[in-house]
Amino acid sequence: MTSLTLMKEPVAPAPSPRPLLRRYDEVRARTRSLVAPLSPEDCALQSMPDASPAKWHVGHTTWFFETFVVAPNVPGYRAFDPAFRVLFNSYYHAVGERHPRPDRGMLSRPSLDVVLAYRTHVDDAMRECCERARDDPALASLIELGLAHEEQHQELILTDVLHLFSRNPLYPAYDATRKPAQHDASELAWIRYRAGLATIGHEGHGFAFDNETPRHRVWIEPFTLASRPVSNAEFLAFVEDGGYRRAELWLSLGFDAASAQGWSAPLYWIREGDRWREFTLQGLVDLDPHVPVTHISFFEADAYARWAGARLPTEFEWEAVASRSDTRGRDEPIREGWRARTPSTISHGEVWEWTSSSYAPYPGFHPAEGAIGEYNGKFMCNQYVLRGGSQITPPEHARITYRNFFPPDARWQWSGVRLARDAR
Amino acid sequence: MTSLTLMKEPVAPAPSPRPLLRRYDEVRARTRSLVAPLSPEDCALQSMPDASPAKWHVGHTTWFFETFVVAPNVPGYRAFDPAFRVLFNSYYHAVGERHPRPDRGMLSRPSLDVVLAYRTHVDDAMRECCERARDDPALASLIELGLAHEEQHQELILTDVLHLFSRNPLYPAYDATRKPAQHDASELAWIRYRAGLATIGHEGHGFAFDNETPRHRVWIEPFTLASRPVSNAEFLAFVEDGGYRRAELWLSLGFDAASAQGWSAPLYWIREGDRWREFTLQGLVDLDPHVPVTHISFFEADAYARWAGARLPTEFEWEAVASRSDTRGRDEPIREGWRARTPSTISHGEVWEWTSSSYAPYPGFHPAEGAIGEYNGKFMCNQYVLRGGSQITPPEHARITYRNFFPPDARWQWSGVRLARDAR
Amino acid sequence: MTSLTLMKEPVAPAPSPRPLLRRYDEVRARTRSLVAPLSPEDCALQSMPDASPAKWHVGHTTWFFETFVVAPNVPGYRAFDPAFRVLFNSYYHAVGERHPRPDRGMLSRPSLDVVLAYRTHVDDAMRECCERARDDPALASLIELGLAHEEQHQELILTDVLHLFSRNPLYPAYDATRKPAQHDASELAWIRYRAGLATIGHEGHGFAFDNETPRHRVWIEPFTLASRPVSNAEFLAFVEDGGYRRAELWLSLGFDAASAQGWSAPLYWIREGDRWREFTLQGLVDLDPHVPVTHISFFEADAYARWAGARLPTEFEWEAVASRSDTRGRDEPIREGWRARTPSTISHGEVWEWTSSSYAPYPGFHPAEGAIGEYNGKFMCNQYVLRGGSQITPPEHARITYRNFFPPDARWQWSGVRLARDAR
Amino acid sequence: MTSLTLMKEPVAPAPSPRPLLRRYDEVRARTRSLVAPLSPEDCALQSMPDASPAKWHVGHTTWFFETFVVAPNVPGYRAFDPAFRVLFNSYYHAVGERHPRPDRGMLSRPSLDVVLAYRTHVDDAMRECCERARDDPALASLIELGLAHEEQHQELILTDVLHLFSRNPLYPAYDATRKPAQHDASELAWIRYRAGLATIGHEGHGFAFDNETPRHRVWIEPFTLASRPVSNAEFLAFVEDGGYRRAELWLSLGFDAASAQGWSAPLYWIREGDRWREFTLQGLVDLDPHVPVTHISFFEADAYARWAGARLPTEFEWEAVASRSDTRGRDEPIREGWRARTPSTISHGEVWEWTSSSYAPYPGFHPAEGAIGEYNGKFMCNQYVLRGGSQITPPEHARITYRNFFPPDARWQWSGVRLARDAR
């Protein structure tokens, strides 16, 4: 039997060989570098309640370390500013009051400079914690969580700043010299898998969020999966076929959302006369037909799939394929047939892929104790799982078992679609 | 009555032995009897966009037969009133325009009398169709669908009229002599099930909705299930423990909904000084501690379960238990242990039971062709499955494979909760 | 110089020569006759928060007499139903709780029959009050207020039922045999008035609302006034000239309202291909070019006037002209010139005429003591005064000093426009 | 200082003796100095749709000169950035598209630096225009309008930044060293005026907005006016008497607004335990009992007046008093009695004073031709006039005939109240 996904190399992150402090410094430096091209004003504005100002992301990721790592572990630690406890709390009821999310764009003060100084203040205290974590696995694990958390916000800094810039008629570029998305002009192929009992969820070594656990079994019926995500050119055919106006292609809520919000193409597509352009981190550019379509909602992904005679994969189908289990027992789903080609790998995916799976707890799921337990579990409702990772996902952040999730009408993420079909 | 979990006999409705016409007449007569206690005004009002006037239900169920059965099958049929094609279309885009749902309460005309005359007009034409269906299984199946559809609306007539009356400070009784819900004072017991591969979905004989198919396999991890739904007395303990104000017990969206809408108890509970009362079809009565709690949302069911150290069952756990498979092969989940007691039966259940399962298509699901295909599939988003049936569900309507579904904040149905737990 | 304002004959209704009881019976009977063509369902529905069900009007006008006349004056009076004290209270905080206005359409009970029985119950008690009022001017005055109040609601019954019927795609006729509005094909003429000091407000004998008092002086600069209201044909020219899309013609708030609500013609005009129709109490009829335009908001009236190179008159200009008193002293504004024609009279006006005057208290205004003081004064904000009366205003209800008032976006009244211009 | 009511000298600004260019430079420099204490972030944020970012004010006032003065008068002028034509257009339909007002806070670019450079660019071109205006009165008048316009926005910069800072839990001070409002502990006195015919509106020399014209006559009935505005201490008595919860004191719309928005004190008052504090441009300070109450809506001013047994003055009463006409002819309102005291002056008033007058055109009012005509007239609906001027009104900007106006629920301006009463 041959393998399921086609990855040449294991993708799940092995336990980091390098010292924790070095990883800490790298991750923290990356956040600074992400806001470097931005002005203080760029960092202060909030373009919608779902998005946050970059400055808030910078402060909140620091708050996370201060609140959950430094404060309980560094005796005599003096808070940089006690008011920040409320100001940069995102949604942790157990930590106390929170500044309201839609009001994050009201905070011209503290200035970006002050927030960066806050960052340095906490980094200093974190040095000691990283040292101590060598002998304290629970502490090390908490710091790993903080770093994974910061990596999530790194991606959000870019999604949120792109959204902000998209509301500015000047269409500013975040980085005009930025390299465009990877170009994959390969023909779409369908790969077929047999039914079987898959093992889903995180293995237990290396970092994972609580929502990826516990590892458990899921029965999967036979299916086929596309060899790559849907491209802009393919999605354009749907647009030009009147896809946004044909109710029969849509979920009922989806058609309502599309009508109410006037959707007629992916979020950042702009028609200028006869040609299509797209607003990107490089600014306004011609639509590249060969890259994966991005910035579509679950609703649009689902409608496109129906139009194409297909459906979205479940997150279990996706993970079973991605985890390539050619040596497992007879209950595992099996790829039947083979194609001499390399589909997109996970960790360097260009786009998050919507699945048909509602975001729900795995059997036996228990959130962490205390405030950290609010990280994932309480959001398991009316959201859909995305798998893979995108061109702006930090390196090392993605995992085969990783479960990203957003409401079905969310469009401002790097979200696209890979098609699946039932096979009997 | 046989038991829910352990029924010796198949419960899925066998092909009805009695002639279709007789069943048609019975179902249609039941609708008339349901609106008999209501005045024309009671039948015309709409208390919220999710609810419909009773008159609209009476017209729409007739429209369904006229549009999908009579019009295509009775040559020369003359519509009672061509305007009704739009007026009583619920959500079928393929049939054409629809009168907007929130405006159903704007229709003082046609009067109830006229709508009942419309009913008679279509019934006359349906007689011929029922006869012809003896030799036309597809037609028979369509008529069965129409009857199941009407039974759904029979339940909605009662849920909607109760909601309407609840907004009237006079608290009118739908039927002051109505027998209260069944009283079940048994102590709650937990029954344990082993892991296994369950077969889920409708078998193929007897009527079922398309969303119950196709029958397929689902792996279920070990779990325990409560012997009966949560009672009013049990839920009251949650209320009095401050359950509605403790964010840590709730899904994030749930706590938002509870706060925004000021929830502090189930929908129809009213505190009068020291005692609790409940508004019911009998009018305002003392809260009966022994009957199952009803009129709670998915959010409240979920919060209650968390407070009780439990969780909601999945719809697969529920169906696996309900379909009683203690003699099946080794992959089937197994009841370990036994209690000499009779849990609520399905077909005479007192309450719909929220499950943790998002309403989604089964693997291989295909909606019916044509307009009828809009019946179920397009609603498979942001809704949660309820299983069982309630005291107002029409007899013969419930099935073990039946999937009821509502958004997680819906409270005006006869919805309650049965607890589950992981077992390792 | 002859004076403008003051009429040869008193126009304010003189003390009614006929017995109060007879007037009481006539007014009350008229309300019954207005709802006679309506079904119980027609009477129960509420088409928008600003409109009320006919049944509510019937109950509330009775409540007014019960609360303000019978209860304080008839010893031993037993309320028909104590719950009605809340149910039929419109907005009198001083009387206690009120059923919320937008929920008036939730009351299928009490039924219309019961509300009519309530009416009879209170009428019985009122007989005694009317007798006693012969010797009690304060009581007589209170009863007169109740009757004027009921006449206001008589007009609202028709405006509200027309609005309800307009939301029904069947377009029911309130009275298919109803005589259409008066036809006035006269050419529009402009009449000029000199500056002067006008005396405005009610004289002091005969009934008037408190908002018409006290009588006081207002200086009026020279102006001209149109001889009749704007006709449908004239307004149609504005529509066809793109009037609804030309921002420069509108008040800023008006253009916002027109855009947000999609106005493109008066409320009940419907374009069917090449012809215009209008929904009226007679049902859907061809637009009559010669009758006054009705069902336009203050915003539309104002925009039309600007388009026509004119403006709205102030309420003082209107009253000064209407009270036409060409023999008074030197400070009175003077009509210069004369036309041998009869402008529309007030008491038989076809349409309420928007003025440019914000609804405000007259100098020295004091609301009545007690709950009755809530009748008018507290609404003196963000409303505009209409003068005259309409084809559905009860006979004897209109007065030259009468101040009707509605918010500037209200369209469901019989509201039209008469043009004015500055004259120097 | 001379007195408000009794000024011996004309107060309407005489034609400025100094060269226009000098005034231009002074006004423009003042705008720069107002934003000097602010960071780029402070200048970019928008705290509500009614307020604008300081950066937008800086850009828009420049746009005004560029659009209405430079572009039509400087041949060969090259726009600084053509995109600014839309970006900084406030509400002039005639100039073309406008960036939506609620989205002014979405513009992180252009940065403050760029907007200041735009300012310099236009100032350069304006030099030539100011020179040329010596011989071109129409041009001079247009420039004067632009300067008055800029002074209005100078006041808005401060009101808007205070509102923004008030939404920041850190309560930043705009200028911690700023001198507090003038302290006036004088006892409140009532001054009586006789009836008479007042002349209202701008005289014709010196600058005025079009809404202050034409000068015309208004009859005023006898009244009394308070000698100074209501103080914080006086308003506090209303608060502590339950004034915000007593429906009988409020206009109906006002009580609705107060309830819906949870008003319980003036906008920036904060109760900390037993003491009251106020958020000001100096930061959070103890409430000063002796200064005029500010940041109250028309609704609060009106409710306070009713509680105090008084009413708001009309704008005509206010102007008649302020223009001091005790030596005029017999028709002028006359101050009866005299007090040897100095009421607040107009041009250095501490607070704008709400009047009871709805903002409406004066008889004979005609807006200016072209886009400039949109300046005032189109806002004459559902707004109320304020008279006087506040501690943040630019010097020389206030006039006795000046008509400020805001909707009745606006609270973020320096708005207070002076009481009046009818006198017979």
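The letters A, B, C and D name the chains in turn, as written, and every chain counts its residues from 1.
One rule holds in what follows: contacts are C-beta pairs under 8 Å (C-beta built on N, C-alpha and C of every residue); 3 or more make two chains touch, one makes a residue touch a chain.
Keep in mind that what you see is a predicted model, and the values were worked out from it rather than measured.
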> Which integer distance in Å separates the CA centroid of subunit A from that of subunit D?
Replying inline: 49
>> Using Cα averages as centroids, what's the distance between subunit B and subunit D in whole Å?
In response: 60
> Are the chains arranged, by touching, as a line, ring, star, complete graph, or other?
Replying inline: ring
> If you go through all the chains, which pairs of them touch?
Replying inline: A-B, A-D, B-C, C-D
> Mind pulling up the subunit A residues that touch subunit B in the complex?
Replying inline: 91, 93-94, 195, 197, 216-219, 221, 223, 247-248, 250-254, 298-299, 311, 356-358, 360-361, 363-364, 374, 378-382, 408, 422, 424
>> Which stretch or stretches of subunit A touch subunit D in the complex?
In response: 39-45, 47, 83, 86-87, 99, 103, 105-112, 164-165, 167-170, 172
